Amino acid sequence: MFFELFFQYLVAGLTYGTIYAIVGIGFNIIYNTTGIINFAQGEFVMLGGMTAVTLYGFLPLPLAVIGAVLITMVMGGLIEMVFIRWLVKPTVLRMIIITIGISILIREGALLVWGEGVRSLPYFTGNEISALSLGGVRLSPQVLWSIGVCMVIVLFLNLFFKHTMLGREMRACAANRDAAALCGIPTKNMITLSFVLSAGIGALAGCVVSPITYTQYSIGSGLAIKGFTVAILGGLGNSMAAVAAGFILGILESFSIWVLPTAYKDAISIAILLAMLFIRPSGLFGNKEAMRLKDF
Amino acid sequence: MKILRLFAAAIIIALSAAPVLAAPAIKVGAILAVTGPASFLGAPEAKTLEMLVEEINAKGGINGSKIELVIKDSGASPEKAISFAKQLIEEEKVFAIIGPSTTGETMAIKNIAEEGKTLLLSCAAAEVIVNPVAKYVFKTPQMDKHAVIRIFQQMKKMGITKIGVLSSNTGFGKAGKEQIEKLAPEHAIQILVNEVYDKAATDLTAEVTKVKAAKVQAIVNWSIEPAQAIVIKNVRQTGMTVPIFQSHGFGNIGYVKAAGAAAEGAIFPAGRLLVAEVLSDKNPQKAVLLAYKKSYEEKYKEDVSTFGGHAYDAMKILEQALKAAGAGADKEKVRTTIENMKGLVGTAGIFNFSPADHNGLDLNAFEMLTVKDGKFTVLEK
Amino acid sequence: MRTSRFIPILALLGAVVLVQLLTLAGGKAFFLTQLTMSAYYTLIVIGLCLLMGFAGQISLGHAGFFAIGGYTSAVLTTLDLAAYKENPLVAMLAKAGVLTARQDLYGGSLLSVHPWAACVVAVLLAFVIAWAIGIPVLKLKGHYLAMATLGFGTIIYSIVLGTQRFGAADGISSVPPFPLLFGVSVSGDSSLRVLNYYFAWLLVTVAMVLLLNLISSRVGRALRSIHGAEDAAGAMGVDTARFKLSTFMLSAVLAAVAGVFLTHYNGGIGPSEASIMKSVRYVAIVAVGGMGSLWGTLIMSVVLNFLSLRGYFGSFDDAVFGGILIVIMLFAPDGIIGADLRRLVGKIANYKQQNSNKSQ
Amino acid sequence: MLRIRNLDAGYGNLNVLRRVSIHVKPGEIVTIIGANGAGKTTLLKTITGLLKAQAGEVLFNGQDIGAMPTERIVSGGCSLVPEGRQVFPAMPVSENLLLGAYVQFKRGNKHEVERDLDRVYALFPVLKQREHQLAGTLSGGEQQMLAMGRALMARPKLIMLDEPSMGLAPLMVKEIFNIIVRLRAEGNTVLLVEQNARSALKIANRGYVLETGRIILEGEAEDLLANRDVQRAYLGRDAE
């Protein structure tokens, strides 16, 4: 019984972890190319989920998901072009405030468009009660889907950034924007692209986790705080580390429930974040070397 | 000096621009959480009120006076509710206030309504609103304790004595949890696990695992957020087959849709609005329920929810009292009329008010429902 | 120099009196309710303005300090210690006047902490927490600072929401009035509305005098240098860490004071006062008033809070503040009131500099 | 090839350059010497569009590039090797060079990139040895070579170097200057900004002296070397 419970909590932790991790990755992509923490990242997740549910009304599921991801990518690009592209050397403070404003506007806009109702996509495979049983430990197939999608995203990003010219250009832009411009790389387009990419990843996350968590106009900010925590825990800018940190945070939260009342679950995870910021701002997996050789 | 004069002129113009009352209409204020964390309450409430007032005015109003509805969106913030309550009472001089949607807001303005001698018909559930009784404060939703008692009675029938309780960290969850804790001993129910989760929780497997480990015979979940659909899914996914009891907050078909197959067999107490069609024709509520359901769903193209029903009842009570008290009746007279109102058929049940009971509903207001094939249905006894 | 600083203060007092007289003449005395509430929110916002505009430190958790003040006072003054009357400590406190017996609305008698004592405890608590949090937090910069303060706010919010003693989601209601002098008290009682209005604005005026003196002092110049270039300020021998910390603590205390009095004025407090959206609102107001422009912030705070509290924005309340944030930060990052003034000052400074260059 | 007239530039309200006029003809090495803070780097940043000019005009091959974004100026054939090398530290040498060829990729000269790469490796054999090493781990001199190689990958018509000798060992400085001479021999045009005035003037055709944002002196390199004022102000230090 003890081991069964242990693994059940572990599975619960993995479920939380993947959700946090995917949001965290989205933060990192934009942070890397622009040095901006996009406080509206959670809203991309919400937009993806909501759009997919709407499209699912008249399209088969895979098309609805693809459509939602594409639409959200366009939204991400538009947001960058309208609000950010033309700013001349904005300060960090200004960028923080602008992205917070964007997040509020998207949220209120979603409330207008979709109302306050709760929606979800159907389970990709199986249904609400189906679960895979592994020696007494049970987990929903959708959890596997989200872990799988998370892994695919990480793999894709690694390939993209390490082995494609476009990926290298984005990394160059991230490492040193002036130097990238001196190579003739259109840095502004790279920044737009980073918004498009992270919007797409956010939207995909929103679709995959929607059967588990449901979507509602207001879920963005809660997810953003967790994603943010994970991004910083792992070390800003490092996607692999964000995934690892996501799992660590998810599992910690899950096991904290085993022993503690759950009312303070969020407070606990944020306290961990604060402690991290105070003691080791470079993150769990970051080190000074890595901060210098900033990489994905 | 010239600037000062301009400034003064500007302020005077601004102040006098406030709308002037033209017709002898009856002003009714409403403070509802149309947006914000409790929008699932406030939004259908606001829609219901707008619809009802339109209907009443189309029929020529009450005793010849039209109703003028002033809805204020509080976003579930008590400080705004306070500001709005003062505005409605002092400036708009409303006859009555319907709402607020949440207990916290209602408690924040209970004294203001009392001091301003203005009727307050709350759409929030907690017992503290009407206990201790405040002269001018009424509420329309059923009592949490009645819901809990109905659940415990059902458990007795099913031979359940050991339960796990989950609730969300909202006013609704808190009130239910308190009643469960209070009433369990007298019904010989033992609470083995008692957990509160965050209202914005996205997955509750860990909480559910804790319940599973305690080997309970049934689970009671008390919340109104999406989390209640998540709980029910996670319970089934972890392979537990024990009965799941939900609160009357489960009375929203959206959550049943969201929980899909997992919702099958969930048992919960609720007003009869959700099962209006399948009620026996002898049931006195059937006609009222069907009428509300039909007009709401036609007008707004969305499923009716019990929360909108609370606003419906509030407006109906006010309408009845105004009619009975006659044209030109003052607030005090209408208040007494409500206090002595008996047998008013509403969506939540049949209201029998008294000076000591400002809710007027009893255990019978609830029907035990269950989910079958994705639809609400009356639980077979 | 000194007189020029007093003129705006006198103008503020004049405006306060003028508005009261106008509302009286216009028969709109009830506007004072929202103006009083706005005054308390203004207390937080001008403190935050000092922190953001002069020390260059963002805080996305200031609603947390407001909540610390408000909730501490609410808990202590609604706590019923009547059952522990025999306890020697309780008896001693009661004798010292820290505890006071009163009746609740329904005739029950309570023995709870005197509002003055509760206020002192609340402010001290905010002071200590701001100190303890400030030391590590203010070492951080940029996003890390924003995130840390946001985290602090979230923790306070979830504690408030998760704790039975704080009324969880319902908050705390029936908080007693806060007695001032001569039978006047801070409370929502409509007969005391005018006096409450003056008291709240007196508090704001005192805070303004304090802050204006601070920014024109040596400390103030140091603060401005932090905003400009922290490293340079450090090199000039300014102890930036200490100044940042004391500004942070000062703004936290102002927020807590606002929390205490608004809670007594409203007769209660709810978790929405601790929410992140509230903190974001305060930042929005500072942004639109002009970072580092205390007067601009004060004016915008009154306007925006008043409109919001009167429900003019309807269901778009949050959206309005979000929109303001974006528009201001995109087109007028110096704020709309502060911008022109500061551009002017900048031009004069530039002109002077050029002249002195020429003379060299 | 490059002609600058009455250029004013600076940061915000701060004016750094005042009415600067210079020109560079094809096939020559032109050097700009001046003390720290004279505005040399500001000048190069303004030419490449990293800073916007406040007044004056910048003509490159007769085209006004004053309002163009950096990447278009670079595409047009005007490359800068920035001060402090600014290589991409987390990427291997080969990727740094490939990024330098971005302009070539965009022009559609994909197959020529391979040849350019070989040319750069021939010019800097040490880079070939370090091909797969992360750029951040190279020595200062190697990074300087990489930065120059990266700029060359774009096949620039004009290559501008900002303090290439800064922080390097004397032997390495010598090698870098040798390479600059070789670049001219291969038909490149070079605009060299240096604090190390003597070495720069030795290899340059012409030179300008920049002092507190103004050009105070210009002329043939040997004339400047012989100029007493220049000797006192800029060459004294290393006139051992």
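Read from first to last, the chains carry the letters A, B, C and D; within each, the first residue is number 1.
Here is the rule we go by: contacts are C-beta pairs under 8 Å (C-beta built on N, C-alpha and C of every residue); 3 or more make two chains touch, one makes a residue touch a chain.
None of these values were measured; they are calculated from a predicted model.
Asks: Determine the shortest chain-contact distance, in steps, between chain B and chain C.
Replies: Tracing touching chains, the least step count from chain B to chain C comes to 1.
Asks: Name the chain with the Cα centroid closest to the overall protein Cα centroid.
Replies: Checking distances from each chain centre to the full centroid gives A.
Asks: Determine the centre-to-centre distance between chain A and chain B, using the mean Cα coordinates as centres, and give it in whole Å.
Replies: About 36 Å separates the centre of chain A from that of chain B.
Asks: Using Cα averages as centroids, what's the distance between chain C and chain D in whole Å?
Replies: About 54 Å separates the centre of chain C from that of chain D.
Asks: Return the distance between the CA-based centres of chain A and chain D, expressed in whole Å.
Replies: About 42 Å separates the centre of chain A from that of chain D.
Asks: Two or more other chains touching the same residue: where does that happen in chain A?
Replies: Only 108, 263, 266 qualify.
Asks: Can you pull out the residues of chain B that are in contact with at least two other chains?
Replies: Expected reply: 35, 169, 196, 198.
Asks: Quick check: what residues of chain C touch more than one other chain, meaning two or more?
Replies: In chain C, the residues touching two or more other chains are 158, 161-162, 318.
Asks: Pairs of chains that touch, anyone?
Replies: Once each pair is checked, the touching ones are A-B, A-C, A-D, B-C.
Asks: Within their complex, state which residues of chain B touch chain C.
Replies: 4, 7-8, 11-12, 15-16, 18, 34-36, 72-73, 75-80, 82-84, 86-87, 90-91, 102-105, 107-108, 110-112, 114-115, 126, 132, 169-174, 196, 198-199
Asks: Of all residues in chain A, which touch chain C in the complex?
Replies: Contacts found on chain A: 31, 37, 83, 87, 90-94, 96-98, 100-105, 107-109, 221, 225, 228-229, 232, 236, 263-264, 266-267, 270-271, 273-274, 277-278, 281.
Asks: Touching residues of chain D toward chain A in the complex: what are they?
Replies: Listed in rising order, the residues are 48-50, 69-71, 74-75, 79-80, 82, 86-91, 95, 98-100, 102-103, 105-106, 134, 136, 150-151, 154.
Asks: For the complex, give me every residue of chain C touching chain A.
Replies: So the residues of chain C touching chain A come out as 52, 56, 58, 60, 136-137, 139-144, 146-148, 150-152, 154-155, 158-159, 161-163, 276-277, 280, 283-284, 287, 316, 318-319, 321-326, 329-330, 333.
Asks: In their complex, what parts of chain A are in touch with chain B?
Replies: Touching chain B: residues 1, 5, 8-9, 11-13, 15-16, 19, 108, 111, 115-120, 122-123, 127-131, 133, 138-140, 209, 212-214, 216, 218-219, 222-223, 253-255, 257-258, 261-263, 265-266 of chain A.
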